[in-house]
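We call the chains A, B, C and D, going by the order they appear; numbering starts again at 1 in every chain.
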Amino acid sequence: MFVVEMEGITKRFGSFVANDGIDLRVKGGEIHALLGENGAGKSTLMNILFGLYEPDEGNIKINGKSVTISDPNEAVRLGIGMVHQHFMLVEPFTVTENIILGKEPRRMGFLDLKRAEEEVRRLSEQYGLQVDPRAKIRDISVGMQQRVEILKTLYRGADILILDEPTAVLTPQEIDELIEIMKRLVREGKTIIFITHKLKEIMRACDTVTVIRRGKMIDSLPVSETDENRLAALMVGRDVSFTVEKAPSQADEPVLEVEGLVAKDNRGLEAVRGLDLTVRAGEIVGIAGVDGNGQSELLEAITGLRRVDAGVVRLSGKDVTNRKTREILRAGVGHIPEDRQKRGLVLDFSIGENLALITYYQSPFARGIRLCYPEIFAHAKRLIEQFDVRTPDERTAARALSGGNQQKAIIAREVERDPDLLIAAQPTRGLDVGAIEFIHRRLIEQRDKGKAVLLFSLDLDEILKLSDRIAIICEGKIVGWVDPETVTEEELGLMMAGGKEEGAKP
Amino acid sequence: AGCGSGQQGDQQGADQEAFSAGMVTDTGGINDESFNQTAWEGMKRLKEELGVDVKYLESKRDADYVPNLSRFAREGRDIIWGIGFKFENVIPQVAKQFGDAKFGIVDSNLGGNIPPNVVAVTFKEHEGSFLMGVIAGSMTKTDKVGFIGGISSPLIKKFEVGFRAGVKAANPDAEVKVAYAESFDDVAKGRSLAQNMYNNGVDVIYHAAGGVGKGLFNEVKTREKGKYWAIGVDMDQSSLAPDHTLSSMIKRVDVAVFEVTKQVKENKFQGGKEVELGLKDDGVGIAETTSKHVPEDVLKKVEEFKQKIIKGEIKVPSTEEEFKSFQ
Amino acid sequence: MNLFVRANRQSPLVLAIVSVLLGMLVGAILMVLAGYDPVRAYSALFRTPFTQSFDIGETIRTISPLIMTGLAVAIAFRTGLFNIGAEGQYIIGQLVAVIVALKLSLPPVLHALVAMILGGLAGALWALLPGILKATRGVHEVISTIMMNFLAFYLSNFLVRSWLSSGADSTPMIPESASIRWNVLTDVFANSRIHLGIIIALLLALFMHWLLWRTTVGFEFRAVGLNPHASEYAGMSVRRSIILSMMISGSFAGLAGATEMLGTDEYLTILTFFNGLGFDGIAVALLGGNTPLGVILAAVLFGILTYGGGTMQFEANVPFEVIRVVFAAIILFVAANVTGWIVERFRRERRVKEDA
Amino acid sequence: MPDLTALIHSAVLYSTPLILAAIGGLYSERSGVVNIALEGLMIIGAFTAAVITILTGNPWIGLAAAMIAGVLMAIPHAVASITFKADQVVSGVAINFLALGLSVYLVKYMYEGAGKTPTVPELFHQVPVPLLSEIPVIGPSLFNQFPTTYLAYLVVIVTYIVLYYTPFGMRLRSVGEHPSAAETAGINVIQMRYIAVMISGALAAAGGAGLSIAIGSEFGQTTVSGQGFISLAALIFGKWHPLGVLGAALFFGFSVSLALIGQIYGWTQVVPSEVLSMLPYVLTLLALAGFVGRSEAPAAVGKPYEKGGR
């Protein structure tokens, strides 16, 4: 018996076809994986199911009945709940407030927060979610936030849960816990549609998988009848290799030395507390840690974006503590920031301007204060070619590029400056295997050229695959170093959690 | 459609034959319940009694004065009025440009340098204000009276000083509280000032503050009758608070505009001169409604002072300097 | 219709023109409702600014400060700042210009030049404080510039009364040597008050174009305006851009004040309220899409409407304020892209018909 | 020394229109729509109140009409900035132009070319609240006021309760912080924003009405003269919180009345009145620079909402 049947769904954005006659059938009580590259159309399909978009063609049946889902309210009434790829949580609100928003318990017209909190606590216990109903969203970890999202759907009585890439931001332990929760939900009679790029998770958690490529449905099959390689090939449309070819590192002189570093976060609390770190030429150092343990503050302090309250930062032996960002970048630092759209690019600038965003004031792009646009565009053309950035031309706004190509542009810009130290933060977050492969190769290339690479990532696979040494960060300190060859994901996860029971609170 | 009634009859524009006059308001606008409006009264009288073709132009900004004056000059109007001291700087300029046209300005003597084609009309406001001071000084029970000014300037200072002199003459013990709203149209400020003065024991307030004065009347109206008083300015303002208005200092801008324009029509234009109108000329005076609340003996005292001023026995001060030497 | 639709999709200019026409239609409706004759009103409005050389001169005079305040607002916008303080910077510009004109005695030309430059600088300084507050303390420039407007207002009145005149309500006329009227222009335009401000305005527009799109400074301004975070990550000094942009913006507004003082008014009075040129500048900048050329065109339109509006009131008895309503409607139509929306409607309808 | 009662009284008098308009702005901005149109909304309120009170002789009808007019004037702002996704600042600026132009145009049309209305014959009067007005010092200053002031008190209290203790308020805040989250929770973002902008129109117009039929007695070009902008400043200064806004508005009112009343006590002998007049603005700047620092706007303020947008 199918609880969800989507037939021939087509959705166009302008002339772009995001979904092209897709069929999706989900059985009751299963965990159904939806697999596809970035931009394949997964979120779009789910947004249609959830009533956020109206399909241009096709029809939907829920529990065998034809329905039109014109808005999320309708979807909720049909028992559909969705946890979005980008969290839909109001930061300054509490957990409870977020959960009840739109369906508030009332007493004489006023909010009945007491009753709401009890309800949230009850649900949380029933499904083993362990959230604090009174905590503010901005104070809890990403993993917790995700549970709040799940609670939101449960609170509304959802039987069909859509989880859009829920694991991208989680630690291994959190992923395990999530999978546990999903299984528990299914046991309680729920049906789950689970979107991911991560084949391993599908193999572990799911019953059925549907693969989408470029807006078309490619295949739908039981997980038991397939394996990772087969799925990867279906997804990308060609065979992919999973391992990165990597020679042993030839580590040399220290390039980056950080000693006793102290820095505060935006709220004025100490986020980096006496941190020591060394990265040598010719090696990749991976920083593993749960989100919010001082990673952002650390890299901002290194790059001069945040005040260093104590300690020293040295670059190739030269003290650069509290120098201006520009000075530090010029001293040989490349920086691939963690949020490409917010920090890496000026989306409304042309791709050419973005590729010169750091060097525009130097020759040959500028003479004195005069800009030389022909040079800027010529330079861009070269890089676009060299780094295979897919864009109509160098004058197109960065906004119009896909996420992967935006990231490629940033990498092109940073690598081309030939820095001694390359800092890469979440360089592949949200990208598909093809793009990931490309970026990984570039990072290793840098290392092999004798550069120092400092990698921040929440994706442990990535850390393990790329790093020559791994530093574990917890509560603003490096709490240990491990060898990627010998360590297991589980050990790593435990260290990251800093011995705490749950890696939830920052 | 309802537009300025004065404008209705003359839409054909100024034909060469009819005698025509134009008037440019300052930024206060035509219905300012003050000198622009009074001046327009004079213009309307010119139309009714002498068949003069009259028209006005309002100025949005100070920068509009020149184009507005020029526009009338180019139309060939026989006399063009700039109403208010704000025209002080532009009238000589335009008068020079249009040497053949005749201009009039109210409330400024152009610092004494009056071009031959301009007549400057000023008033001895201090004389009228002196009489208001006499009334206030005589009527106060608390020996505290108040003065509310608009934007401080030598002109408004004349009102203030004259008033203070009058108070001093009638009641040497009385104290005068002075405050300027630094505005001519912020009614709320007028009200606040009045309220605070009254709360501080002041029982008679005189204003020379244009629209700001309305705040004074709004305030006094809400207070006990026969105890709190206001004195108006420019025209008879007793209608704003009939039970609380002692008097008003009348300034006959309409008469001035009427008389001077008439002179031009009769080819008796006295260009290059200042026409200064005081108590003697009935250019300033006391509102008729004064007798309503002011008792006989005070009125008599006022009349005595008035005669002394007219005869020159009292020289009313018009500046702070002169006030210092005023006995 | 076909042509209209096709042209429309391409050109922002066409969009602007259609919005202007729609705005005037709103004005016409308002006139009809009140029993005025819109044809007569508009013909008076558009005829006079062009027919007599005096009026042409006065129209140009009206346009030049609008260009400058428009550019002032636009350049700040480009850096992501909303300079609502052009009004105050304008006042300070005219104040300093009149001070220099009255208190310094210098030979002709030089006198005017010094007065103008110091006026511009004063505007820049007046914008500096909000710039610094924004850059260092995160104070929203909208409030701080509103405060600065009021401060400028009272400061100007204070100095006029206590220093520049002896307690009077206006300063004396500035000396000939500080005037930026130019005999040739004055003669050509029949004694109107046209002055060299218009040349300065056009030069400023060129300067802005050059600065924004030809220099590293402009690159920084635009980057900071579009994404301050990314700019900071790229090593730019966001603070410097904010402060510098505010100062340049302020200097434009200050120059507007200075040129108006030295060319149009030639004396300064006690202000009773803001003259609104700073706010008009906001409208001009918006209609002009925050580009120098757009600002010039928008200022020309606003200038014609403003000056012609005076004539309209004179000749057709229609209150001048209807012009403000027309402004408002134009801004709304441009901002909401109503034209584009109407065109979309047309196209969709046609497509439906063609499909059927 | 000035007596404190008088000073507080006049501070409250002056802050009343600011409180009403700024709280109006609070609704709009909390829902994510920048409201620089407060000035225009106050103007239309002041205009309507004056005209309708002149026509009917009843200031209550004038006030009600003003609030309706405020809603009507807010609608174009809502349509442009919500439905048509125009830049909200731009649209607000347009409303300011529109309100001033339209109201003065109508005044001229109705009153034979005059730049302002005649004096309103029947104004609101100050009425003491029984009991409360007998409290020493603050009684007569806070509770012997115009009905518009009591309305302002009420609006602050009600807004506080609505915002933090009702579903409507929570939804409103969520829409201004994270509209997509609100939409997925089944809240109609567009509708919420329309309602909020319309409320802001009604309240700002009530503030304007206070200027023309309570503390003032006419409407003209300069009746509002920038108070809408000061209200906006009060809103930001008060950090988008009803009590903060109240405090900020009172602060402005206090310093304005200090400058004005100072003259009566002879302060102007020492300090020129212009310098006193600058006081509120200087104090505000100092406050902003010194202690208040950054104020966090609602996260989504100024951003048009695109359904399904990321």
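As a convention for this text, contacts are C-beta pairs under 8 Å (C-beta built on N, C-alpha and C of every residue); 3 or more make two chains touch, one makes a residue touch a chain.
This is a predicted model, so every value here is computed, not measured.
Engineer: Name, by label, each chain that touches both members of the pair subunit B and subunit D.
Structural biologist: C
Engineer: Farthest chain from subunit C, comparing Cα centres?
Structural biologist: In terms of C-alpha centroids, the chain at the greatest distance from subunit C is A.
Engineer: For the interfaces C-D and A-C, which has the higher count of C-beta pairs in contact?
Structural biologist: So, comparing the two chain pairs, more contacts are at C-D.
Engineer: Where the centres are mean C-alpha positions, what is the separation of subunit C from subunit D, in Å?
Structural biologist: Using C-alpha averages as centres, the distance is 27 Å.
Engineer: Which integer distance in Å separates the CA centroid of subunit A from that of subunit C?
Structural biologist: So the centre of subunit A lies 46 Å away from the centre of subunit C.
Engineer: When the centre of a chain is set as the mean of its C-alpha atoms, what distance in Å lies between subunit A and subunit B?
Structural biologist: Comparing mean C-alpha positions, subunit B is 76 Å from subunit A.
Engineer: Find the geometric centre of each of subunit B and subunit C from their Cα atoms only, then give the gap between the two centres in Å, rounded to an integer.
Structural biologist: Each chain reduced to its C-alpha mean, subunit B and subunit C end up 36 Å apart.
Engineer: Check each residue of subunit C and list the ones that touch at least two other chains.
Structural biologist: 34, 157, 161, 272
Engineer: Residues of subunit B touching 2+ other chains?
Structural biologist: 1, 3-4, 7, 58, 152, 182, 185
Engineer: What's the complete list of touching chain pairs for this entry?
Structural biologist: So the chains that touch one another pair up as A-C, A-D, B-C, B-D, C-D.
Engineer: Please give the residue numbers of subunit A that touch subunit D in the complex, ascending.
Structural biologist: Against subunit D, the touching part of subunit A is residues 47, 50, 52-53, 71-73, 76, 82, 84, 86-93, 97-98, 101-104, 106, 109-111, 152.
Engineer: Using the touch definition from the top, list the residues of subunit A that touch subunit C in their complex.
Structural biologist: So the residues of subunit A in touch with subunit C come to 303, 305, 324-326, 328-330, 335, 337, 342-349, 353, 357-358, 360-361, 366, 369-371.
Engineer: Quick check: in the complex, which residue numbers of subunit C touch subunit A?
Structural biologist: 213-219, 222-223, 226-227, 229-237
Engineer: Taking the complex as given, what residues does subunit D use to touch subunit A?
Structural biologist: 165-167, 170-171, 173-174, 177-178, 180-187, 299, 307-308, 310
Engineer: Along subunit C, where are the residues that touch subunit B in the complex?
Structural biologist: Subunit C reaches subunit B through residues 34-36, 54, 58, 157, 161, 166-170, 172-173, 191, 193, 260, 264-267, 269-270, 272, 275-276, 307, 310, 313-314, 317, 320.
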